[in-house]
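Both complexes shown next keep chain A, but they swap its partner, so chain B is in the first and chain C is in the second.
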Partner chain A sequence: MLSGRQVSILLLVCLLLSLSGCWSRREIETLGFVMAMGIDKAQEEGKLQLTMLVAKPFALGGGEKSNPQEAAVWIFSSTGDTVFEAIRNGNSQSPRRLFFAHNRWVLFGEELAREGIQQALDFWSRDGESRRTVHVAVAKGTTASQMLQTRFELERQPSEGARGILNNAAKALSTVVTVRLNEFLQSLESPGVSPVASRADIVPRPKDPDVRGEVVEEVIGSSARITGAAVFKRDHLVGWLDQSETRGLNWVRSEVRSALLVIEDPGNPGQRIGIEITRARGQSSVEHVDGRFVARIKVEAEGHLGDTTAFVEPETDIWELLEKRMAQAIREDIYAAVSKGQKLQTDFFGFGSYLYRSNPRLWSQVEDEWQDLIFPTMAVEIDVRSQLRRTGLVIRSDKLTSR
Partner chain B sequence: MRTDEEFTSNDLIQGHQLMALIFVSRLVPITVTFPSITGISVPQDGWIVMFISTLGAIPVVLWINWLAQAFPRRTIVEYSEILLGKIAGKALSLVFVFYLLLIAGITARQVGEAYTAAIMPETPILVFMGVIAFVAGNAAYNGVEVVGRVAETVFWIVLVVTVVVLTLPMNAMRFENLRPVLPGGLGIIVKETATSWIIFLEIIVSAMIVPFLTRPSDARRFSLLAVGGVGLVGMSFAAVLVAVFGVLTPTLTLPAFSLGRLISIGDFLERIEVIPMGIWTVSAGVKMSFFLWAGAVGLAQICGLRRYQPFVYPLCVLSVSLGVLLFDDVMEMERFSAPERSGICIMVIVLGFMTVLTLARLLRGNRTSGDGGEG
Partner chain C sequence: MWSRLRKLWRNRQEEKTASPKREETLSSQLEANADRIKTEFGDSADIQIRRLRIGRDGQRHALLISIDGLIDKKYLTEAVLLPLVQTDIPTGSGVEVFQYLKEQMLAVAEVTETDRMARVLMALGGGDSVLFVQDVAKALIFDTKGWEQRGIEEPITESTIRGSKEGFVENIRTNTALLRRRIRSPRLRVEEYTIGRVSQTRIALVYVDGLAEERMVDEVRRRLEGIDVDAIQGSGHLEEYITDAPYSPFPVWMPTERPDRAAGALLEGRIVILIDGTPFQLVAPATFTMFLDTGEDYCSDYLIASLLRPLRFAAFVASLILPSVYVAIVTFHQEMLPTSLILSIASQREGVPLPTVFEALMMETIFEVMREAGVRLPRIVGTAISIIGALVLGEAAIRAELVSPIMAVVVAATGIASFSVPIYSFGIAPRMLRFVFLLLAGSLGLFGVIVGLFALHIHLVSLRSLGVPYFEPLAPLVVSDLKDSLIRAPWWSMDTRPRLVGEKSGSRRQRRHLRPGRFPTERREKER
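What follows is the complex of A and B.
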C-alpha cells in the first residue's frame, strides 16, 4: 500500500508530463506576428482581400543572424468571403501560424470603405486574439494593400512608424483623430453620432540613392502621412476632413492636447504669429428652442506665444488682440468642421448623442430625421474663451537695427 | 442530531472568513460572465440593476439569519428535520443539496467557457472544469477551515485586482455613456434585476456554515457586509463597463475580461488580462469548494453519517457532469440564467424551502427553541 507521501510524489511525477504545454500552446518561433491588416475589395466579386504585414523578428533583432538590409516585414495578401476565411486562407502562404494579438492597425481601402465596411468588422471584436485597442484608418485615394507597402524613416516596422506619426501629430498638432476599434464600433451603434477614423495618405518620395537614417540600403519609394480624418455615415465612408476641419472636430470633442495656431500679427499686417495651445476644453449641448435645434459649443483654450515672423512687443492692447485672433482661429476651425459635417449630412460631432443624453424622449421623436434633415440645417453657436498666458523665455522679439 | 462531532469541535471559521466566502462567491458571476449585464436593453442602467438587487438581497440575508439564529449550532439541513420532521426535512434538504450541486456545476462550466472562448480555444472544456473541480474538491475535503482560509486570502487579492481592472482602463472611459439614466423607466430592467437578485439567493449556502462560525451571532453582520461590498463592486463594474464599452456592453460574453484587455498604460503596461483571469479563476474555485463542502456536509447529515468527506469527490464528478450535460452551447447557458427559466426553479427551491421552514418555525413557536439553544 502506498503511503500519502509516495502518492504525492507519484502525482508530482505525473504532473511533469503536463510541463510540455497544453493543447493551446503557441511556441513563439512558430508564430507570425501580424502587425497591421489592410482590407480591400477583392477582384473577385463579393470577396474581401486581406493584406497582412507580418514582422520578421530575425531581420529586426541584433546579433549575428540579423541583416539590416533585409526588409523588417513580410507583406502578403489573401482573399475570402469573410475576414476570417481570408485569414485562414493566408495560412496556406505563411510558414508560421498567423498571430493577431500584436496587431496595431486595421486599415480599409477607400473603395471598400465607400461601399460599407460592416462585412469586415465583426471578426475584430469576436476573435480572442485581436484587440479592441487597434487603430482604425482609411487609405485615401488608394487601397489598403498599397498603403501597407509604404515605409518610414527611423522605424523599420511600418506599423510602428505610422503609430509614431499618429501619436506625434495628436500631441503636437491635433490635426488627426486617434480612433481605436472600441470607439469606432461604439460610434457605429450609438444613437446620434457617426464614426470617424484616421486618414492615411500616400506621399511619394523622390528616388534618391542618398538615403539617410537607419535604413541603409533600402530606398523608400513612398511613405504614409497620417493627417485629417475619414468621415463615415453608418458604415459608409462619405468624405474626408482636412487638417483645420479635423482640429475643429477635436476642439468640440475636447481632444485637443496641443496645437499650433498661426494668426496674423495685429501690429504688422502680413506677418504671422504662432500660438502654441497648451490646454483646451470643449463642451457641447443641444437645445430645442422655438421648434428649432441649436447646438451650443463652448471652448476654453489657453496658449502661449510660440514664435513671430516680425518684431512683437506684447503690450496690453496687442495681447488682447492676440487673444481675440486666437479665439477667431478656433472658431474658424469649428465652423469649417461643422460646415463639412452638415454638407455631408453626417453628425460626427455626436450632437445627436448630446440630445439623446439630455432629452431621450425628444430624441426618440427626431431620431430618424436627425442625420439627413435636422443636423444639416441646425444652427450652431460657438463661444470661445481664449487666454494667452506666457511669452516663452523672452518677452519681446529681437529688434533689428540699421547700425 | 449532530452527525460529526469534529464539525463543531475543530472545524470553525471566523465571521470575516464567512464574509470573504460570500463576497468572493457572489463576485464570480460578475467577474466571469455578468449575466445581468449581458443582453440588457439599456446598458447604462446596469448599475441600477445591481443596486436594486443588492437592496433586495438584504431581506434575504436577514431572513436566512433569523431562521439560523434559532438553531445557532445546526445547519439548515439539520434544523429542517427538526422543524419539518424526518421525511419532509430530508426530502426538502435533498432538493437543496441538488441546488448547491447545480451552482457548483454552473460555476465550473462558466470558468471552462471563459477559458475556451477567450484564452485556449483548442483545449477541451473538460480539462478546465476537471482541474477546477479537483482543486475545489481538495479544499472542500480538507474542511471548512481550509475553505475559509483560502477565501480570506483570495478576498484581498480579488479586491486589489478588481480595483486595478476598474481603474486602469481610465483612458478608454467615457462617463457620459452613463446618461441618460433610466430612459425607459424601471419597467424595462425588471428581468435583469431579477436575474441579479436570483444570483444573490445563492447566499442561502451561508445557512450551512453558521454553526461552523466561532460566533454564530456574527453571521448576520458579516453576511450583510459581504452583500453591501459585493453590491458596491458590482455597481462599479457595471458603471465602468458602460463607460468603456457604451452601447456594446450587452454584446460582450466576458465583459470583465474584455475590460482587462483594454488596459494599456503608456504602451507599456498592457496584455495583463491573464492576471485578473487567473485570480477570478481562483475565486471561482473558492466558490466551488464552498458549495461542494456545503453539499457534502448536507448530504452526510441527510444520510446520518459522521463524516462528509466520502461525498466530496463524487459530488465533484457529479457537478462537472451537470455542468457539461446541462447546456449544449453557450447560448443555452445564457438562456438558462434567465428568470423565466432557471430563475423560477431557483426561487421555488430557495424561497420555497425558507418559507416552509419559516411557517414551521412560526407554527411550532417556542417548542423548537430548546432543540437549538446551544449557543
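What follows is the complex of A and C.
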C-alpha cells in the first residue's frame, strides 16, 4: 500500500489546503444584512454619521412565522471619524455581524454631498465585501437618515422599493439616472467628465386607504421619490437636474430606453399628443474650430403615437409635422440640460473626456480650464432625427359620430 | 500487506481441504465405494443410496447414488431406473456390462465415465447421479440435474418500458441460453470455470470471438484462474477478486440483470462473466458513461435518450455535491445568492439551533437510516417507514425548528437525484462521498468542494477497467465514441464500434445507405 513517505506527502498536501481558501465560516443567521446605508455629517464636528438599514429576516418570508405588521427593517445609526470606524462602531449596537455584500444603496445627505464625498467613498472602493454595483444617490434637501426612514408601497424592504422605482422609471420614462458606485468612481477619476448620481426627494406619503377609499391608517408617513439627478463637480454636489433635464442628459448619453414625450397637436392647437419613444441613440463629439470648441450632439429617435387628447388622422403632412415637433421636444430637453451644466460649470456630459480620447495633446493644454472656462461657453450643435413608426392598434382616432 | 494476508489465508485453506486426494481411485467393491462416499458427506441426510440388482434376471448388483433435492426424480426413474431393472442385460464380465450400459441402454443425454473418487463427489454435489456396477472400478455419471428454480422474470433493478422484459435468473445455464438467443452466431464463446474449493461455483466467461480483444480475454482468464478460495457467492464477491481498482468506491465491472444489455456489451467487444447463483452478471470493460445509461436509452427515441442522459448526469452530480454546495454557500459565500433568496434562507434558518453543516450531516444520516430501514423491511412495512420518516418525522422536525425547511428540500432533492442513477452499485459511490464533501464544505467552503471535485476527478480519470480508461471517450477524447456517451446518437449514425474496446473490427455496423432518406430501394431505382 502506501509507504510512509507517500503518507507524509499526502498529509502535507492536506495541510497546505488549510493555508488557502475561505477559513471564515459564518452562519447565515449570525449576519445582519445591510440593505441600504446613508452617510451624513454628524452633529459632532468633523465626524460622519452612518445610518444603516438592516433586513429582519424573521419579519419576511417564512410563511406562518412572519408578521406583516412588523417592520421588515431595523434602522440605526452610528458615528465615526471615517466610514470604516462608523461601521465598526455600528457593530457595538448590532447583535449580528453587519454584512455588506447585499447592500443596494449608498445614500448621501445633501449637506455632506455639498462639502464633498471623497472621504466617504474611499472605504467602498477598498472594501472587498461590499459590491461596486450599489446605487449611489443623494437626498435632496434632507439628510440620508431621514430619507432612509421613508416607506414604499408593495415592497416591505425600502431598499428594494427604491430600486424597483428606479428601474421602473429608467425603463418607462428615462427621467432618472441609474448610477452604480463603479460608474460613479470611474467618472470621478477620469478626466473631462463629472459624476452624477440619482436624486431622491422626500414626499408626503398618502394615507393608507382601503378599497372603498376609507382611510385605514391615519398616520401619514413619508415616501421617497426618485427622479432627476444630482450633479457633482469633482466630488462636490453643485446642483440638481429636473425630469426633462435628466432626460436631456440621457439622450446625449444614449441611455434612453423608453420615454414619453408630450407634444402639441399640430392640427388642433391646445390639444396634446403623447409619443412613446421605442428606440433612441445619441452620439456626441467635440471639435476645435477656429480656436473655439463646438460640441456636436446627434440623436436618432424612433417612436410611435401613443395617445392623443383630440382627433388625429395621420396624413403625410401631419405626420411630418409630428416628427418635427418630436425632434423639437428632444432638442429642448438637451438644451435645458446643457445650459444647466454650463450654468453650474460642470461637464457631466463628458465632452471633455471625448476630447481627451480624440485629441489628448489638445486636452492637456485645456485641461485645467475646461470645466470653469471652456465648457460653460462652448457652442453646442444639436442634430435630432426623429421618426414616427406606428400608431398603435388603430390608424386614426375613433370618431364620435353621435355628436 | 494485502497479498501477504491473502497468502496466509490460502495456506490455511489448503490445510482444511486436504481430502480427498486427486489421485484416489474407485474401488471395484460396491460397499467400499458407498462407505467412502458416506464418510465424505458425513452421513448427510440428503444422500440417497439405492442398492439395485440390474437386469431382468437380477444377477448383478449395482449402486445408484444421488442427492435428494438436486435431481429430477421423475427423469431419473424413467431414464435410468426403469431400463436398468426391466430390460435384459447381456451376460459378460463387469466391464462389458458397464460398457453396454454406458453406450446402449441408458437414455440420458449426458453420461460420463470416471474412475476418480474426487470426480464422483463433485458430480454428486452438482446434482448428477452416479451408478456403480459390481466388480467394476469405474462409475457412470448421469446428468439428472433438476431443482426448484425461479423462472425468467422482469428485472427488478433495471426495468424498462419499451425494452425486453427478460431478466437473468440464478441458473447459469438459463443465462447462457438467454445470451445465445440474442447472439446466435457460433462466434459467441462460453468458457466455463469452476471456482471455489468448497462451493464449486460455475462461472462462465462469455465473449464474441473476433470482436473481443484477445489480450483482454486472456487477462480475464488469467484473473479467473488466479482465484483460489473456498467459495464464490455472487457477482459482488467475484468482482472484488478481479477488479482493476480494489480500493475505489466506483465499480469498474458493471453488474447487470438484463440479457439485452449484456448482449449489447458483447457485440461492442466487451466481456461478460456469468456467475451461477445470482441474477447479476458482470460486464467489462465498463466506463463511467455506461453506468449512466439505461436499457431504455437504446430502445426508445434517440432524442429523448440524449436529453435524459445529461439529466441523469446532472442528477449524479447533484446527488454528490448538492448538500455540500448548499452548506458552502450558506456558511461561507452569502454574497453569491440573490438578495431575496438569501433573505428567505436566513428567515428559515432563524431559530435553528445547529450549525448548517451539522444540520446537513444529521439530515443526511437520518435519510440513510430511513433508506436502510425501508430496504430491509418487508415491502408492506417499508411503506409505513417512509410515511413515518418522511411525513411525520420531517414535518415535526421542521415545526420544532430543529431543521430548516430549505434543508429538508435540499436533502430530499439529493435523495431523489441519487435514485435516478440507473445502476445501484454506481449510486453507492456518491452516497458515501456526499459525506466527505459535506465535511469539506463545512470546513473550507466552496474551495473545499472544488478541491474535493478535483481529487475525485483525478481518481476517476486514473481508473481503468480491463485497461480501458474509465472516462473514455471523454478523457481520453475519442470523438467518434462521443455518439454514445452523454448523448445517444441515432443508431444509423453510430457506424463504428467503441474504439478502445472493439477497435479490432471497428469497421461497420450500419451501411451508409441505411441513413434516413436513402433507402436501398430508392437508390436502386435511381441507379436504374
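One rule holds for everything that comes next: the second predicted complex is superposed on the first by the 363 of 403 C-alpha atoms of A that agree within 3 Å, B and C clash if a C-alpha of one lies under 4 Å from a C-alpha of the other, contacts with A are read in each partner's own complex, and residues count from 1 in each chain.
Here, contacts are C-beta pairs under 8 Å (C-beta built on N, C-alpha and C of every residue); 3 or more make two chains touch, one makes a residue touch a chain.
Please read these numbers as outputs of a predicted model, since none were measured by experiment.
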According to the stated criteria, A:R104 is in contact with first (chain B), second (chain C), both, or neither; which is it? second
Check whether A:G291 is in contact with chain B, with chain C, with both or with neither, and answer first, second, both or neither. neither
In the superposed arrangement, does A:P204 touch chain B (first), chain C (second), both or neither? neither
Could you look at A:G46 and tell me whether it touches chain B, chain C, both or neither (first, second, both, neither)? neither
If we overlay the two complexes on their shared chain A, which of chain B and chain C does A:P269 touch? Say first, second, both or neither. neither
Is A:G4 touching the first partner chain B, the second partner chain C, both, or neither of them? neither
With the two structures laid over each other on chain A, which partner does A:F33 touch: chain B (first), chain C (second), both, or neither? second
Check the residue A:R357 against both partner chains and state whether it touches chain B (first), chain C (second), both, or neither. first
Give the label of whichever partner, chain B or chain C, reaches more residues of chain A. C
Determine, under the contact definition given at the top, whether A:S24 touches first (chain B), second (chain C), both, or neither. both
Shared contact residues on chain A, chain B side and chain C side combined as an intersection? 22-24, 101, 131
Applying the document's contact rule, which stretches of chain A touch chain B when the two form their complex? 22-24, 101, 125, 128, 131-133, 180, 182-183, 185-186, 189-191, 356-358, 360-361
Which bits of chain B are touching chain A when the two form their complex? 117-124, 127, 172, 176, 179-180, 183, 244-248, 251, 258, 261-262, 264, 270-271
Could you please specify the touching residues of chain C with respect to chain A in the complex? 1-2, 330-335, 339-340, 342-352, 355-356, 442-448, 451
In the complex, go through chain A and note every residue touching chain C. 1, 17-18, 20-29, 31, 33, 35, 55, 57-62, 65-66, 99, 101-102, 104, 129, 131, 160
